[in-house]
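In what follows, chain A forms one complex with chain B and a second complex with chain C.
So, the complex of A and B:
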């Protein structure tokens, strides 16, 4: 037996590493609680159908399919939709570990913290969550971090206007995510009829704009908007922008990749020195309906492992 | 799908329940850190052979058998025996959740915190851990809690002296645990030859003695000790007793049930209002050897769910 190390994809946090994590957790907890969010601690194992396909699943002895927590948001949605169904709006925060299967590889464990605002549909709620993410970065001393704000609602409206199949939409997301304009252009020229929808899709590969220049980008996109839905999504982005005063914020219309349940604004958090996003969030107005209580919601989660590595707190 | 509740054996901690847990955790953390213990955060999933048969196991996609954490002590032993092999003594604390299979039922999740003192063999180390358990109870406002101290080493010595098979030893432990003197007596009369070992075994059903009266109990047991091993185990209990000044402490020679890896002193923690032990610990001098680094160790873990329900902090 090789006991020399924890499993690949997992880690032991010892001494200073544990202390750093707890210090970051305490800083975030302060931000969350001062903002009026209350903690929920869901179990680390649930019925498998609470989670998506990335969850690590196993049968218990009674033949029931269980899964390790792969996502806090789905658990918070379950709780909000059942035990807390009568309470609106709900401001909830959480922290703990999530375990996911990555492709055919071993499991991967990740420490997270986050917030969910349930039962609030307006741009004020979106802006509250974006501001809370900004305050979290601030509490960790990440002055130079960026909050890259986009809208899956906008992308969905463009894809619909372009008559894109699910497969084409996925291919478009891939190219947009890579900001690969030449490939995106040839894909669009091949698959999307010429017109406003195609031009709007090509704009998704544009570089992110700092808050000061984002109005101009939104105006340009609005001029090309191929549908009322697309226009409404852009207007919503403008509304959130207007309510948020943080120089970390930038607008990236190509910020379209995220968990499948996002329906409106979506954002990712980037910090200097971190190899990938240190967090992200968005609006998910359909998730609670899966648990029998259709209510709008918006939230974000932080990758604590990634943040602890770069935080100055 | 029934999403109305978490799985049986697991729970959602919401609002005040979460706050109470975090308050208790913080109180304990203060005790552990002031005593010079440093936190380790092991992963929630490990290779299955780190844990015992009670762990919930599943194959990953590469065919490797994984298990959810069912016991922190085994993980701390793995870490101490590998990455921290050169450092002695080690004072480590931890907290988090453990998941166990109970018989054929569903899994059971439990929140724990605890301490391990690795690389220290003497009664001072045993007494340090007992005192730390007492300080933990104190920090939670549990003035009336009891620390019931026994010795698996003593029981093993008696079982050896009585020539008991493993099966008989297990049956004896069952009756001792129930403090059922008549059944223990008839079992002993049937299976154990008359003599000092049998008389000593019958003494295990005696009620616990507060610290003030424990010396007398140990003297009586020593007079019956059927072997040098048994005498040494009793002497060790006396040494620990001498070094511990806490009115919560009592000696119960029948406190013999515990995880299979205990080799010396063993104790359970009881609190008024809690339906079962709220924690326990003991010496485990053989566990680190399983991970290739034979070193003595002693520690304890607390059942946070049980403690939070009765704590006054």
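So, the complex of A and C:
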């Protein structure tokens, strides 16, 4: 009976486990609704084009390629760009499961909840989303959590200023993401001409700074900024910091990890007891354009499986 | 409190010396003690593992940081930070083949036209597979647990992917290096969440280790 247990990467939640999950969800829903966000419930199956390569796909009887939901943000972007086109700003929240194929492991199902703010381009929108992520952690009793804030926009500006090919940019982002300063340095010395862009790239592997010391870091980076784009991305980070007051917040210019469509700020959430990020988000100004209604947007999602295990609520 | 994964074997001595230099000395000698967890004062403890298991312990947060060869880090595919290159435990991961083989005498793509996939034996199947895939060379890769050279000598494989320190074992068995795949040395690996959540404890230590 090899069908008697749930598949690896999936689970049954019974009784107390179910109660814990619902309690956390209720706490989060309260935060989202009080902030003026309204719920949308997208379908769990879509045309495969909506999602990325990590989606679990299958052909339907007519030969059309379908996929199980692997990402709520893409679905919310589709809804915002079609039925809700023209309404700005939109404040939407969601919860449910995503299914993903990751590496060689089994297909994984994860529970998520999150918020998207569509049609708002300014730093106050970025700050609203970061503050909402902080309020979510607070509602789950996670006082000691960390919000690690960076900017993929800044990285892209540096890569452009360095004249990096797509291949080189991918290699650079890999080393930055692993904080691998020795490998990053030898890669830069080989492939990036000496100058401000190279120095700024090397700074990305530096350790994170708490909000109190972040100004100094941004000033140092600004002095090295090789282009107007890079300077603008740093200025944006400073603006977001100024509007956010949360001791969980820290700035890590090497925080470049996130979904492929992020274009501006990006952040990841860490909570004591959880060995990996329990959520993350960022700005994605080109995603809605894929669905025919180019509008800026910013949002975040929470990994409920990871959070329920460590939450105190 | 930091938990540090320390590999048994040849990396342990130099790794302990580096931690001692940073002020962390185990309360008992891990070499002679049978304990699997050895405290180092009140601030840290060492857990003693096989080096191939270090990435998993660190990725899953059972250890906050660890010492491990870059070969093991990459083969494990673990999602880790690797901020420091310790510089000891140096060796190379190489593609090697019998001296008289077509592979040793021509280019990889010429040798790949054998009419069948190149048969390659390795203790690093994932790393090797990635390397061949990037070059577009089809391979029949299989994992062995030891004496990888023998596979090429005894005709089980056309080539091997293995660690080379001095190159003597290869030479004595009539094998030559065809290509370098990876420069290996011992790395510090750090759990992604620990790096953020224990930053106050970790950063001073990283500075002294680096």
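Rule of thumb we're sticking to: the second predicted complex is superposed on the first by the 309 of 313 C-alpha atoms of A that agree within 3 Å, B and C clash if a C-alpha of one lies under 4 Å from a C-alpha of the other, contacts with A are read in each partner's own complex, and residues count from 1 in each chain.
Note that in this section contacts are C-beta pairs under 8 Å (C-beta built on N, C-alpha and C of every residue); 3 or more make two chains touch, one makes a residue touch a chain.
Keep in mind the model is a prediction, meaning the values are calculated, not measured.
Novice: Who touches more of chain A, chain B or chain C?
Specialist: B
Novice: Mind working out whether A:86 is in touch with chain B, chain C, both or neither, as first, second, both or neither?
Specialist: A:86: touches no partner chain.
Novice: Taking the superposition on A as described, I'd like to know which of chain B and chain C A:205 touches: first, second, both or neither.
Specialist: second
Novice: May I ask you to decide whether A:272 touches chain B, chain C, both, or neither, giving the answer as first, second, both or neither?
Specialist: second
Novice: May I ask you to decide whether A:107 touches chain B, chain C, both, or neither, giving the answer as first, second, both or neither?
Specialist: After superposition on chain A, A:107 lies in contact with chain B alone.
Novice: Would you sort A:60 into first (chain B), second (chain C), both or neither based on which partner it touches?
Specialist: A:60 contacts chain B only, not chain C.
Novice: Given the touch rule stated above, what does A:182 touch, chain B (first), chain C (second), both, or neither?
Specialist: second
Novice: After lining up the shared chain so the two structures overlap, which partner does A:46 touch, if you call chain B first and chain C second: first, second, both or neither?
Specialist: Only chain B; A:46 stays clear of chain C.
Novice: Tell me, which parts of chain A touch chain C in their complex?
Specialist: 103, 144, 146, 148, 178-183, 205, 207-208, 250, 252, 270-272, 274-277
Novice: Which positions of chain B touch chain A when the two form their complex?
Specialist: Of all residues in chain B, those touching chain A are 1, 3-7, 10-15, 17-19, 21-22, 38-47, 49-50, 56-62, 64, 66, 68, 78-79, 81-84, 97, 99, 101, 104-107, 109, 291-292.
Novice: What part of chain C is in contact with chain A in the complex they form?
Specialist: Touch list, chain C to chain A: 59-61, 77, 79-85, 190-193, 195-197, 199, 203, 206.
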